[in-house]
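Have a look at these structures, which come just after this line.
Two complexes follow with subunit A in common, the first pairing it with subunit B and the second with subunit C.
Let's look at the complex of A and B:
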């Protein structure tokens, strides 16, 4: 079995399947990026509602966040995948699996972000709102000029962490056969059963993406914390 | 859209669900135990003055925090046989989750050890304790008390991560639900049941751990 050619042919195989790997990688990036951007916007809105909304308005949002945070991401993905698919089919809409994947990860991301936003906003002393009012500012203005700038700086480090969490979580989409990098890895292993080498390579790609996000986040943090002082 | 709910399949299989829940909790508790042991060893390396050990600890944490758990499961369960190391499904999964969790525990322990006020440690040296005694009798007990909440929360997190065992066909809740979904076509009902089990279990664990924390709180 073992001969000198094994090594060469492994890299040759990788080279031959480069388009597959690049396609998978771009899907992974697209899905993660879409989920992070949309999930963050949704999460900030939900976080604001939970912090400043009245009792009855915030109840359903609080329930949503608690349920999503209580569920494993994989279960959220299965539920969104099966339910959305069923509901959409019964009203005659066909949605690409990729969009279903983005929606599932977006829901997970929004629950995480809303908790971060809520925590950060609650840490800001109430007097600052009063001070803003005393200066004649309206709430949207207080939010834009006083609360959000502080809260967003505060949540940057854990938010970067959530972003890597989403990239890692996107591998779970392979379990509902959504074509992304992890599924490409499985397909490669199915063709040439060298699981250790292929999965390590795929793992290395994810590791590189996440490390890049982490380093980017740290650089951004340095820049922003300078403004904060 | 016309869908009649029928929870019979859930009630008929309630014992299977509970067995799956038991397996999930078992995997989480065993993995957390190993993660604590491995994490403690690595954290001691991280806070030591030895530059190589510090660096090794940092590399370990970075690698395991930045690689998806699913890939680690596949590397260990499907990949290690390439090296002649064949592990059974539960062992492979526990090993993966332990190594993965150890990276997180390392960070928790390191932060806990570093947050102990210098004065307490110096007081230990001042009364003539050796470095080892300061670690065992002062730093570690203080650190363990302060990290208990994080450890508790991480148990819940690991319990949720056990859903990934479905990827290698270990019969925990997610795998069972998938199977019942295919067998019965009662998609909505079985996934509602699974979601209910996960949410309620996480909630009860959080409540229980909260009570423990109150009991062990430093007054």
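Let's look at the complex of A and C:
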């Protein structure tokens, strides 16, 4: 039964729906965190392949990145959600919508990160590699000790930005019925005719998450930065 | 007479269809200081980069301490060694670059230590001790904790020299080590190089500092149009100037 007792205040309703909101928030955090962590790992690998791989190896990866970056996130989510679900079901695997949501956002994140990695690595002068080689270092060592540390400093600020984009993008998962915070908000609004208040609250939660990410990013930036010209 | 430390025989290198140099022959003995002079585009830097195997070359051979580096012959076919072997062979040479090429995210000390730890696999303490000693030798004992961006060009180049020397290479290659420096900073770097030359370190320098070349060299190589046009003592090259092209080239330097 829909509760239409208008004597209950807004805050009481929120209090009564707290488990729903907390569950939604946990899902949002889980999906975003999963997508950011996995997407970053995948993105670094793809970025390295595109930067240093031979032209045949990097072709499919470049195509992947171009396609994902060219599509609206919502379209990517729909494609992954329906196609992956269809393919997996046809081979007898049932995956929870949550996992599929993570995969969709992870793919989006990896495409963004791979471009950041490629851009940062290509900006490092080739002479840095020469200097490492002249010391007798091998390429994997040069990558680890010379190139990636410099690239990381360049990448961090836009990467933090990407992370907040993922959190914002996770709201789109509500359109494929994944019970994250946005969907919870919608459900609350459907029950109670106070859309502005509910969405404001939901918005405030997203704002808090993203502010936390940005503050964390700034702190990390300070830690890893080195004196530049 | 002992074997030369470095033997270059009939070395040839092209970028695509463009020949950079060909038929280069050069011997460098232990403890010798050899300078390479010549107009720009004559292949000096590329020759130096070939010795350090930073460039591939199509013809001829380079022997370091009697052993051919860079390429081997397998079933009658010339083959470049794997990166692994090349990385090892590179340890016999050290290189100082025109643009210093210090690692900007590391302090002066860490710049010098990196190769000792990663390549020579020395323990941290020992690597630090050697690095401090070398930074002191180039007059930068008080700058060990500075980042490259906090150092002048001359100081950066001295860190780069310490970084190359700390690896204890058999030959040190200087690629126009003072060309990127403001004129007032050239002297401090040349003095360090001179000191190393006096200490008996074998080196090959590509340089436009003619007076310096005249003073420190045991042997001067004049490259012109992709060939080694003349090799001689500083006196033969700078005073006798037997070759018209050499005369013309040196005339431009007002010496």
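What we mean here is this: the second predicted complex is superposed on the first by the 217 of 229 C-alpha atoms of A that agree within 3 Å, B and C clash if a C-alpha of one lies under 4 Å from a C-alpha of the other, contacts with A are read in each partner's own complex, and residues count from 1 in each chain.
Here is the rule we use: a contact is a pair of C-beta atoms (placed from the backbone, for glycine too) under 8 Å apart; a residue touches a chain by one contact, two chains touch by 3 or more.
Quick caveat: nothing in here was measured; it's all calculated off a predicted structure.
**Q** Looking at the overlay, what does A:138 touch: subunit B (first), subunit C (second), both, or neither?
**A** Second partner only.
**Q** Of the partners subunit B and subunit C, which touch A:153 in the superposed model: first, second, both, neither?
**A** Second partner only, subunit C.
**Q** Contacts for A:130 in the overlay, against subunit B (first) and subunit C (second): which applies, first, second, both or neither?
**A** The second partner, subunit C, only.
**Q** Counting touched residues of subunit A, say whether subunit B or subunit C comes out ahead.
**A** B
**Q** Looking at the overlay, what does A:53 touch: subunit B (first), subunit C (second), both, or neither?
**A** neither
**Q** If we overlay the two complexes on their shared chain A, which of subunit B and subunit C does A:119 touch? Say first, second, both or neither.
**A** neither
**Q** According to the stated criteria, A:74 is in contact with first (subunit B), second (subunit C), both, or neither; which is it?
**A** A:74 sits against subunit B, while subunit C stays out of touch.
**Q** Would you mind listing the overlap between the subunit B footprint and the subunit C footprint on subunit A?
**A** none
**Q** Over in the complex, which subunit A residues touch subunit C? Could you list them?
**A** 125, 127-128, 130-131, 133-139, 141, 145-146, 149-150, 153, 226-229
**Q** Where on subunit B does subunit A make contact in their complex?
**A** Contacts found on subunit B: 1, 62-63, 65-72, 74-75, 78-83, 160-164, 166-167, 174, 177-178, 181, 187-188, 191, 194-195, 198-199, 202-203.
**Q** Within their complex, state which residues of subunit C touch subunit A.
**A** 52, 54, 83-84, 87-88, 90-91, 93-95, 97, 99, 101-106, 114-115, 118-119, 147, 149-150, 163-164, 167
**Q** Quick one: in the complex, what on subunit A touches subunit B?
**A** Residues 66-67, 70-75, 78-79, 82-83, 86-87, 90-91, 164, 167-169, 171-172, 174-175, 182, 185, 189, 194-197, 199-200, 202-203, 206-207, 210-211, 214 of subunit A touch subunit B in their complex.
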